[in-house]
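Shared between the two complexes below is subunit A, which pairs with subunit B and subunit C, respectively.
Coming up: the complex of A and B.
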């Protein structure tokens, strides 16, 4: 309120009174939104990574049919907007009898979308692991699955980490889109409060800052993990 | 529920009228974003901190926040500053800043990745900054910028769908309007997705070709 009484006439020529107290008043709601954004992003990161690994293995496998399925999956989800994917899952699928809650719909769309991007990253990571690694593992008596899990996969993830990190940053930003189907995350909270109070400047400004903080934390975690797993020379 | 092809055939012209706006928006954003982004990218490499820090701040702000947040801020928030924009210009402005931020990072990365010998050699030939940039640095950087820039363009075309959230008329909004009349969500959204795919797939296919060509070309 203190700031509200002395509006800056140059910054706000329309006589708009900046009132940051609106954000502080609704801070619990904002934090709830932040929490849900973090939660859905976390689940999407974990599940999306698994899908990425599975689809990348399918993509590089000798079986033509697996290869084709994975390629179609990646191309379809990478070349259509996430918003439309969310709409198809939430509004479209009930048409054929599949009704999903906003939470599940949003998460499914995010997971499939980030999974497609992860697939491409992990596939090039798989190809970057030298062939000799597999041969060495096999000559040590490891089975194919063991060799993949203990020798190939850790190296692949290490190589792919920087690019995966980019995908995760995009994912946190993209999680804002699930607000359109009514998931009460950060963007939804800002939109809802905006509809109630018309304090757009403060509310969207606050939401922007929350996103900046989230992304900043994510980038730092990613840098830490990258350093931790870097090749020691 | 039976899949209704009739509703698709009947409404396809309306969807295609939306495609025009999607393409117009994408072109506008790509041109404006690239122009701004190249300027930002070069300014980001400036040795003067008074230039570098504010530009870096803008770049990070646009890269690290969701596009729809930027759209809401411009569409709902800017009227507080006395700037009232329609839906389409709001979407275009927000996306242009997003494009500029990402382009700046690509430009900076490409110039940074050039060997320092290129800069030294250009200077030792007596070139000034502008000559060095135009004749030596930019042509080489362009080649490295091409694949990520094309990837960015694909992303931008897909992200034009977000303009529908603030109500700008383009392909996604056209689809929503048809669904409000016909209640045929699945059919219409699948067609909308197919149209986006038809626009984006050739671009991303070509991007991959360029990427591969570049690897063997160097």
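Coming up: the complex of A and C.
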């Protein structure tokens, strides 16, 4: 599948022959990559949200030690490049006897990364719920845990949703970095086919379109959830 | 509203995709002479062909050949600037005009010939297998069903895919990562060109090389943009000249002398 052999090459005056059929030919591999990108993004979003809620609660708790652990976690993972985190988990940890598979390494890095960003978003969401709400809930006879789960948390999630959505969009884009440890996701597929067929424009162009579509879908899901959570007026 | 915006964006992108932008086919030789400097794409993770020392200086056989070509062009060896390329991106670097020539331990293959032109061969290489000392793997047939590492875009990856299609391949972007995966025992073997593995083995005594003699031998060539005959002829003439006057042999001995007995001969 190279120059001159494609059934209907598009000719350009400057001498570059575009050959979109390369993408069609390798569509199954591309779809496999899209599927893995969706899969790891989904797990990272779900697990990362749980981590974000737990770490944000720790961050705002009265216990100094929990507060400190959460603060260190957030600062370390927000202030270092994700690529370095992936390399440390995959290539660095075996040095101290911890050997994780590429899948687990990549997912762990993404979860910890998005979790740190979620923590900050949810923390500000928690702080945005008026203090009086907790007091009011307690005066109605709810325990502290009940008040948090039924009164504070739902409001926090609603307040935090738009910012969480931003984190999720970044996450899907950043998931491309796990290609460096041999995970066969969308970017890896484009890189690998490019290394074999050298049709950079067609292959990276196709990857771009796939990412645009994925993120378009994600944004629409997020808008839908936001509407469902909105105050009914 | 959002849907409409998205469709417009998608349409704009698709149009860009279709009109594309071709690269000028003006002669590289004139460009290089006008610039006063050769732009050479070399590797940084492939000793003894292309690597960097502690100070970040490019070294290796490919680097020295680039200097020899610069000498032919301008009469001085240092009229060359190096760009770091990998097996996966070197052809894109050339076709998008980022470099004038590829000197990156590149095997001549039919697939690549459709996209670039090759100079006359300048090295002969085959493939070998790097394993741990305690490994029971002796030849490539033993790799069936095993976890192995290869590097994206390398002939080692293509060749082993053809010879042992049921081996479980993990492809990394750099040789250094493939090697690390082997050292961490994530994979049982790393398949690459003989000359690279000889160097890696020397620096990692816990590993050994198996699969002798080197399988699927193929010559290396320098790569230039397709259809640029004037530039190709110039580089071919420069290579022929250093082969005749003995400079080529001196460079070969400098970088490969210690492995003279096991490396294949370029005919």
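Just so we're on the same page, the second predicted complex is superposed on the first by the 219 of 233 C-alpha atoms of A that agree within 3 Å, B and C clash if a C-alpha of one lies under 4 Å from a C-alpha of the other, contacts with A are read in each partner's own complex, and residues count from 1 in each chain.
By our rule, a contact is a pair of C-beta atoms (placed from the backbone, for glycine too) under 8 Å apart; a residue touches a chain by one contact, two chains touch by 3 or more.
Remember, it's a predicted structure, so these values are computed and weren't measured experimentally.
Asker: Give one of first, second, both or neither to describe whether A:173 is in contact with subunit B, with subunit C, with both, or with none.
Answerer: first
Asker: After the superposition on A, what does A:191 contact: first (subunit B), second (subunit C), both or neither?
Answerer: In the superposition, A:191 contacts both subunit B and subunit C.
Asker: Looking at the overlay, does A:80 come into contact with subunit B only (first), subunit C only (second), both, or neither?
Answerer: Only subunit B is touched by A:80; subunit C is not.
Asker: Could you look at A:132 and tell me whether it touches subunit B, subunit C, both or neither (first, second, both, neither)?
Answerer: Once the two structures are laid over each other on A, A:132 reaches no partner at all.
Asker: Between subunit B and subunit C, whom does A:141 touch in the aligned arrangement: first, second, both, or neither?
Answerer: A:141: touches no partner chain.
Asker: Can A:216 be said to touch subunit B (first), subunit C (second), both, or neither?
Answerer: both
Asker: For A:28, decide between first (touching subunit B), second (touching subunit C), both and neither.
Answerer: Once the two structures are laid over each other on A, A:28 reaches no partner at all.
Asker: In the superposed arrangement, which partner chain does A:201 touch: subunit B (first), subunit C (second), both, or neither?
Answerer: After superposing on A, A:201 lies in contact with both subunit B and subunit C.
Asker: Which residues of subunit A are in contact with subunit B in one complex and with subunit C in the other?
Answerer: Residues common to the subunit A contacts of subunit C and of subunit B are 12-14, 16, 91, 94, 179-180, 191, 194, 200-201, 205, 208, 212, 216, listed in rising order.
Asker: For the complex, give me every residue of subunit A touching subunit C.
Answerer: The contact residues of subunit A facing subunit C are 2-5, 10, 12-16, 18, 20, 91, 94, 99, 102, 179-182, 191-192, 194-198, 200-201, 205, 208-209, 212, 216, 219-220, 223.
Asker: So in the complex, which bits of subunit A are touching subunit B?
Answerer: Contacts found on subunit A: 11-14, 16, 75-76, 78-85, 87-88, 91-97, 169, 173-174, 176-177, 179-180, 187, 190-191, 194, 200-201, 204-205, 207-208, 211-212, 215-216.
Asker: Residue numbers of subunit B touching subunit A in their complex, please.
Answerer: Per the touch definition, subunit B meets subunit A at residues 1, 60-61, 64-70, 72-73, 76-77, 79-82, 154, 158-162, 164-165, 172, 179, 184-187, 189-190, 192-193, 196-197, 200-201, 204.
Asker: Once bound in the complex, which stretches of subunit C touch subunit A?
Answerer: Against subunit A, subunit C makes touches at 2, 6, 9-10, 13-14, 17-25, 87-89, 91-92, 95-96, 111-112, 114-116, 152-153, 158, 170-173, 177, 180-181, 184-186, 226-227.
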